[in-house]
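To start, the structure itself, in structure tokens.
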Amino acid sequence: MAGPDRDRLSWYEASARQRLDALLDPGSFTEVLGPAERRMSPHLPLFDLPRAFDDGIVVGSGSLDGKTMFVAAQEGRFMGGAFGEVHGAKLVGLLRAALDVKPAAVLLLLDTGGVRLQEANAGETAIAEAMRAIVAARAAGVPVVGLIGGRAGCFGGGGLIAGTCSRLAVSEGGRISVSGPEVIETNKGAEEFDSKDRALVWRTMGGKHRRLIGGADAFCADTVSAFREAALRLIADAPAFDLDTLTAEQARLRARIDRFGQCRDATDIWAKLGVNDPDAVPAMDTGAFDETVAQAREAVHDAR
Amino acid sequence: MESLTFRHTTTKPLPGTKPQAITGVVASGNLEILLERVLPPDACEVAIETPVAGYGPVWEAVVADFVARAQPGGVRISINDGGARPDTVSLRLLQGARLMEA
Amino acid sequence: MTLAEILASLFPEGHAVTVADGLVAGEGPFEGGRLRVIGVDGDAPLGVEGALTLAGHVLDAVRAGDKAPILVAVDSDSQRMSRRDELLGLNECLAHLAKALLLADRRGHPTVGLLYGHSAAGAFIATALATRVLAALPGANPSVMDLPSVARVTKLPLEKLQEMAKSTPVFAPGLDNMLATGAVHAVLDPEKPLGPQIRDLIAVLPERDERDRLGQERGGRPVAEAIAKAVADQIRAG
Amino acid sequence: MADWRGERKARDARIEAGRAHANGKVVPAGDAVALLEAVLKPGDRVCLEGDNQKQADCLARALSQCDPGKVHGLHMVQSGIVLPEHLDVFETGIAERLDYSYSGPQGARVAKMLYGGQIKLGAVHTYLELFARYFIDLTPHVALIAGVSADREGNLYTGPNTEDTPTIVEATHFKNGVVVAQVNEIVDKVPRVDIPGDRVDFVVEADTPFFVEPLFTRDPAAMTETQILIAMMAIKGIYAEYGVRRLNHGIGFGTAAIELLLPTYGEKLGLKGEIATHFALNPHPTLIPAIESGWVRQVHCFGSEVGMDRYIRERPDVFFTGADGSLRSNRALCQTAGLYACDMFIGATLQIDLMGHSSTVTQSRVAGFGGAPNMGSDPHGRRHPSDPWMKAGREAQIVGDPALMRGRKLVVQLVETFGDKLVPTFVEKLDAMELAKKIGLELAPVMIYADDVTHIVTEEGIANLLLCRDADDREQAIRGVAGYTEIGRGRDRAKVEELRARGIIRRPEDLGIEPLDADRSLLAARSIKDLVHWSGGLYEPPARFRNW
């Protein structure tokens, strides 16, 4: 295995543990309720499904540039990173502790398909608990920053958690959405959404679209170091959680719907945003894309 | 789910002092391996939970070869399997041993 | 109960709550002050416009500064499943609605959810589950996914799932299971006036999020509370 | 008086009948059925063009819609059974006999229809064999082919996917047959003439562009550590060992991993220019990093690959291109090149038995092998020496006069010991044998015969079968790399250690390879997007391979 060389380590490919190891200051990570404690799902055996020692989420504390961080990282390859009872409760416990301890920030390395169906009610409720705890931490002045670039994306309730964070960093591979492509296709037909058209999937919910419309605050190359730099930047610049922020968010989202509500495709939105060659956006490298983002005023805001 | 446990005696303890390590992910065709230095220095135990029934003899052979090669004395190894192929199991076991030796 | 019956029971002296495109908004006299009502009616899906409209009402209430309680009445579908909604950032809009409710709560508005029909997935999280206390009426039918769909995804026979659902509330749809999970705090009595029942809930609003404790007591979430507490304790201890 | 022009007259009559539906040579798509009913006669030998890549799909649909009362009992002689229509015609009686060589996606249905007697099978050929028989005893009466565009004279532009077309037209036109081409558009002037117009009798303007399967695109994101380990062993233990410069790769992930390791691992070993310089190979997207790093001098292609056209256009020093700039592929010539001009074939298979016979046929699927048996065989007609060929020959030689020794082609099977769903690759007996018995094939569908195989590479090691001196050596060499399959666990451990001492079996450590170094970070590209970047944006992958 390659060591945690954060400049080379692909966020998309890395495991939750590899991401944390490389993201934080070397050797600074302390896990709580780690795998040796074997706090595994009490429910998966009923479905004859294999369990994971950490139930697919790694939580603990560490430091980033010397500042204390609380961190949670979902493992997108175990049950699609989905929220089960133990998985969700670990996140909730971490967020609740943040309210008392007040670390410099909480970093959520989201990589999730949403709720784990085999434990759906527990997962759904845990997401609601997590959102309340995020709001409490933010109101107490602790920034909560989401980092999204894993293969499971950030779907279902995970998308709502992302929308609750102070700031979000996303890479090209990262997808943020409530209903997944397959779910839309299953319910509404392939005419509504052809989930096999992967270019369409990424145009509609991928990192570049989210960044351009202001659904995420930073766009990262697919390396751990890019996410680390973005996290440091975003922590220093996190909006407060108060009436002003939500009033601004209301106006921001309302304006988005007014302006782009008639658009059929992301490329129509990008054209309206002033992007010269919308069809060229998917192929742009990070540098070219950053220049494009700089032209879209919707991309920069404190309204979250 | 099928549970398997194999116990071996080794000629020496696994080098290094790291108390525990984990590698791999429970996913289709993959597995996670947790290693803990909690046994007497000449003992090794491997406990497996697998959703694929009927591969006991294969697991036994894979574990025996690993123990002969790595001599992981003192280590308890716990495996959550996601239906990994034997070569992947071997690779993860070796990766785990290397992590413990670090 | 229908929404009209609920409103009649809540506001015997009349009210100004209206429904448009499945979105509920308005207020009525309540305990010497007023009770604001927002919600989703008629099993309507919640999309980007609906979420912003409801959030707008909540933020207006916060700006009014009267700390009046807010009732979130819900009989909804799931989130609206469409390419357009996702293109426009449905996750932000739904999260914004939830944040508006959580802000109102923090600013002294008691928030009470009232589940009287269906609700599911993202719509459920953004509305009923974002209140301080969630009540339900008998016959309410919250779900994450219906059992036939669960059967399809998990590749387990429907009969087996139905059997498992009897002893394992953690995955099966329905009010009883959501109650056992702790997501729903209480079931109201439709035979009695709803106003006093809501008043009583507000009188004893839980200080902290106690849904995991309820889930533990009721057996629907056997380990969540202990896990969350263990994580919090250990990390506080450094 | 004997009539020496009977066939010629019959052809003229067919063309005359077809002219009723044509404006000159041009036939609208809507009249394709009527055209075919006019030019076809019951019992005709018909070549419906289609292989593992491009398909004359518009003409296939038209043929399947013909009236079985008018058109029936056809003898199909075609490379590929790929589209559903290729088999529909056997259900309706339009066709009766079949000689073919490849049937990837329709393999299961072919097996069922053979078993049910709906198809009278001649044989499952290799591509070259079938092409050869077009000129001897399976000459088509009518050929239905596909091109990109044509002018009104019938001059045909095939585009980068020329593939089988010249061979089919050669056999049909020059032996009194009728050639019908479907094209995506009729133009005033074609970009280049791939088939001269006087060889094309009718041109059908298709309703949709002809279908091409992106069969040679392997997503680096799906490559495993095991495949990388195997690729490392192949590079160090075979490519470098024999100095293989001229070669052909299969289409599996193992060879794709090799392509992606050349600019990284190969570079580290100092092998640039020493190995893998000249290929008979389709334009694999995974070859882009090696080309861009200057490893690859020349590539001749059987066909093209979806999304590679712009890239190829900009790399004429590497690929064969026409005056119009686009790729010129040719399956028959590239197969010949792979057979005679390459020192090595390396590719995967699904099953290998204890002798080393291999097949991709399973009990329920008759896949057909396309070109693999041509690539993966030792051509006894070869007369030019080369270092790898001579070295392999020396290793295999046991007795006799060294002056009369000839070389051997390296035929390497690159397999993981278990396939999907824990299905073992190594077996006592090939499923192909069982299938042959079940459906009454005279010849079991073996892809590569044991006596052609020189090496087997698995994650456990390399077995060099050239060095085996008897049947026991050979069986234990195979068992010795068969991992934890039943075959592998049934090895004679002492014998395997002896083979290792003789260099017949080589483990990763014998090659100086640490299995734990087999990491995805070694891949020159780890995603399709990386390949696009390597190509400078010239590679345009199909939507299904994108995640951006």
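Every chain is named by a letter (A, B, C and D) in the order it is written, and numbering of its residues begins at 1.
FYI, contacts are C-beta pairs under 8 Å (C-beta built on N, C-alpha and C of every residue); 3 or more make two chains touch, one makes a residue touch a chain.
If you want to know which protein each chain is, UniProt gives these names: A = Malonate decarboxylase beta subunit; B = Malonate decarboxylase acyl carrier protein; C = Malonate decarboxylase gamma subunit; D = Malonate decarboxylase alpha subunit.
In this text, all values refer to a predicted model and were calculated from it rather than measured experimentally.
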item: Chain occupying the most central position, where position means C-alpha average; value: A
item: Chains linked by the largest number of contacting C-beta pairs; value: A-C
item: Distance from the mean Cα position of subunit D to that of subunit B, given in whole angstrom; value: 41
item: Inter-centroid spacing, subunit C versus subunit A (mean Cα positions, whole Å); value: 24
item: Separation of subunit A from subunit B, taking each centre as the mean of its C-alpha atoms, in whole Å; value: 33
item: CA centroid of subunit B to CA centroid of subunit C, Å; value: 46
item: Where subunit A touches two or more other chains at once, by residue number; value: 1
item: Of all residues in subunit C, the ones touching two or more other chains; value: none
item: For subunit D, residues that touch 2 or more chains besides their own; value: 516
item: Contact graph of the chains (line, ring, star, complete, other); value: other
item: All chain pairs that touch each other; value: A-B, A-C, A-D, B-D
item: Subunit A-facing residues of subunit C, complex; value: 48-49, 52, 55-56, 59, 62-63, 79, 81-96, 98-100, 102-103, 106-107, 121-122, 124-126, 129-130, 144-145, 150, 153-154, 156, 164, 168-173, 177-178, 180-183, 209, 211-212, 215, 220-225, 227-232, 234-236, 238
item: Subunit A-touching residues of subunit D, taken from the complex the two chains share; value: 221, 516, 519-521, 526-527, 529, 532-533, 537, 543-548
item: Subunit B contact footprint on subunit A (complex, rising order); value: 1, 15, 17, 35-36, 38, 45, 48-53, 75, 77-78
item: Partner subunit A, residues of subunit B touching it in the complex; value: 1, 20, 22-23, 25-27, 30, 32, 34, 36, 49-51, 78, 80-82, 95, 98
item: List of subunit B residues in touch with subunit D within their complex; value: 52, 55, 57-58, 61-62, 83, 85-88, 91, 94-95, 98
